[in-house]
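Across the two complexes that follow, chain A remains constant while its partner is chain B and subsequently chain C.
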Partner chain A sequence: MINIKNLSFAYKKQAPLFQDLSLTEGTGQIIGLLGKNGAGKTTLLQLIAGMLTPASGEILVNSYKSTKREASFLESIYFVPEEFTMPSIKMWDFIEAFIPFYPRFDKQLLDDLINKFELDQQKNLSKMSHGQKKKFRIAFALATRCQLIILDEPTNGLDIPSKTIFRQLVAGSLQEDQTVIISTHQVKDVETLIDKIILVDNGQVIFNQSIIDISEKYDFKIVSHLPDNVLYSELNPMGYNIVTPSIGESSEVDIELLFNAINNGKTFN
Partner chain B sequence: MMEFKNNKGIFQQIADNICERVLSGEYAPGDKVQSVRKLAATLGVNQNTIMRTFIELQHNNIVENRRGVGYFVTDNAPKMIRDMRKEEFTQEILPAFIQQVKLLGITREELEPLFNQLKENEDEDK
Partner chain C sequence: MAKRLTNKPNTMNNIFNIKRFGKLLKQQYHLSKKSATLSLLSLFIGYTLITLFTLMADRHFDAIQWVPLFIILCGGVALPFAAYAFPAFRNKGLTFDFILLPCSLIEKFTLNLIVRILSPWLILPLVFYVSSHLASELVLWFSPDRFIESFSFTTILQEIGSEKLPFILTLTILIALIAQSVLFAGGAVFGKKPLIKTLVILGATTAVVIFYFFSIIEWAELFKNGRVPWLIIFDNKESTAKALVVGIEIFVLITTWAYAFFRVKEKQIA
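The block that comes next holds the complex of A and B.
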């Protein structure tokens, strides 16, 4: 699905953001792309989508070179940016205008998603709130049925009930040949939705594992006293949040704790 | 060391939930369990995670896969689940319970509701 080979990239007059980054990802996953502010998450997404050109290296999406931006590549990928402006037209006019670019578009699914998000197709897009615009773009993205859907901070601006609906709609409407990349700082919003964590830092992928693997290899719990086998701990009102090697049963992954552990130099193989 | 919170992995939580519904009779042997897609859409959980739930349940002979149709509760699912729960009880819950009894100096009198229940269970078995 995604094949990045020896990617290097730098913005003008700035230190390189990525140096020799390689990454291969199969289809049918929902990937959570995590990293600190300025780690280059959005830049990496834009490179994958062909919106930026690498200094060196190659990015293949479904064996298309993303820099070539061929029509058959562009119709298989949909990018929802974190911030965007919408034209001053009605929602259904926008839909009519953009449907022809996406051969797998599912209009029935779109109507269904728009209803679930409680949006009104008659409304002028530029007059909607930021959260409503975002929900519309997410609904549109899912309805394109593109093989690759990229969501950059999708839950920013969404109210509390909408975050639950967002998870239900993404989890319920994907088909086997689709891949989703979600970049986010709001890991709690997507904790049950993603099945893979990729962490970028200092221009490299420093962690890349499936949630199920992590949940079987490590124990995440809250305890009163630190045991001997603790790998990482943080203070908590009840005692400590800790990670230890697993002793058999699977454990619900605390992604924030894992993130902090890795940022503090702990390695999880 | 006291453990306050130690949740199982999400695929395991969903498996436990399905088992609970079998024990309560909501799912009877032979019933079709909600599809992977339906469960994903209801719970907002990744479809691969839910696939993993079904692999786990199938491995424990609680559901069986009828190709192209879906997953169905097996005839001996209630017994399998009860056996698994009993094992969990004797290996984890009971030792923790005994530890608390010891720590708090609980007396026979204070545990009377427990003895009453045990007697009721024995009478039922007769």
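The block that comes next holds the complex of A and C.
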């Protein structure tokens, strides 16, 4: 699905953001792309979508070279950016204008998603709040049934009930051949949603594991006293959030704790 | 025979697909039907009012007097309109959607070419024609003693004369197309204030070219002391000169379009 080979990229007059980065990802998963501010999450997503040209290396998405931006490649990918501009037209007109470009578009699914997000199809898009616009773009993205859906900070601007609905809709609307990449700072918002975590830092992928593997290998829990085998701990009002090697049972992964642990130099193989 | 396995969904025509281009036209209709209707209405009202004031200032208005008004009003709209080609490039969010829209670059470029360069050739004369006739009728209704010859394309073409007509018409159309295309290319290059920036660049380039020719003719004393520059060896018949001028204009036009195309192709989100 996604095959990145020896990718190097730098913005004009800036230090290289990625150097010799390689990554291979298959279909049918929801990937959480995490990283500190300025780590290059959005840039990596834009490179995958063919919106930026790498200095060297190659990015193949579904066997298409993304930089070529071929029409058949573009109809298999949908990108919801963090900030976007919506035209001053009714939602219904937007739907009519863009549906024909996506051969797998599911209008019934779109109607369902719009209803679940409590949006009004007769409303002018430019008169909607940022959160409403975002919900519409997310709903549209899911309804395209594109093989690759990229969501950059999708929960920014969404209220708490909408975040819950977002998780339910993403998890419930995908088909087996679809891959979703979600880039976010707010890891709690996608904790129960993602199948895999990719962490980027200093131009490299520093962590790439599935949630199942992590939960089988490590225990994430809250304790009042630190045990001897603790790999990483953080103080919290009730005691400590800790990561320890698993003792056989799989536990729910605390992505925020894992993220902090990796950023503090802990390695998880 | 074994089929080559590939993940590519299909091998559709990625260069130009007429069906996909049709979808693009339909998309444009949905996105801009409201703004296009309002713009046309404003244009019609504006043209009618300007024509009305012009006619009222002159008691005797011949057909040929329509020509400068026609050129100013049509050019005054068509040129800035071409300069603001690729409106998606004025805003990062829209650039994003432009690049990711599932159409080939040629299709997106062709659409802009049709909308920004070719459509004014059909729409503006039509609006001018209707506005000028309405204004003429209104003025004659208020003041029947005036002489107003209605605007008519055939009358203007007859004034030019049949012998010169094909060349003058070709020359004028090509010059107008070049002017539009240069500004169109500016629209592809500059994100903000493309009209002003293109005019500044154009002015600077023209100044350099004039200075260059002035220097080689005057300072190098190209024609003095019986010297004959190399370009004089060409046959200087009128037909050759005409063909050369038209040829250069076509070359400039195609080069401008090619330049604009490659600038759009290189467009990135950064």
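A few points about this structure:
Note that the second predicted complex is superposed on the first by the 269 of 269 C-alpha atoms of A that agree within 3 Å, B and C clash if a C-alpha of one lies under 4 Å from a C-alpha of the other, contacts with A are read in each partner's own complex, and residues count from 1 in each chain.
Going forward, a contact is a pair of C-beta atoms (placed from the backbone, for glycine too) under 8 Å apart; a residue touches a chain by one contact, two chains touch by 3 or more.
The shown structure was predicted, so the numbers you read here are calculated from the model rather than taken from an experiment.
Partners chain B and chain C, brought together by superposition on chain A, fit side by side with no clash.
In the superposed model, A:Phe84 makes contact with chain C only, not with chain B. Panel annotation: after superposition on the shared chain A, the angle at the CA centre of chain A between chain B and chain C (CA centres) reads 150 degrees, nearest 10. When the shared chain is aligned, chain B comes close enough to touch A:Ser250, but chain C does not. Touch criterion met: A:Met1 reaches chain C, while chain B stays clear of it.
Using the contact criterion defined above for the overlaid structures, shared-chain residue A:Arg69 touches chain C, although it does not reach chain B. Look at A:Asp93: by the touch rule set out above, it reaches chain C but stays clear of chain B. By the touch criterion stated above, A:Asp219 is placed in contact with chain B alone, chain C being left untouched.
For the three-chain overlay built from the shared chain A, the minimum Cα spacing from chain B to chain C equals 22 Å.
Residues 28-30, 164, 166-174, 192-195, 211-212, 215-216, 219-227, 238-239, 249-253 of chain A touch chain B in their complex. Chain B makes touch with chain A in their complex at residues 1-13, 37-38, 40-49, 52. Across the complex, chain A is touched by residues 6-12, 14, 17, 20, 23, 26-27, 30-31, 34-35, 91-94, 96-97, 99-105, 107, 268-270 of chain C.
The part of chain A that touches chain C in the complex is made up of residues 1, 11-12, 46, 49-53, 62-64, 69-72, 74-79, 81, 83-85, 87-89, 93-94, 96-98, 100-102, 147.
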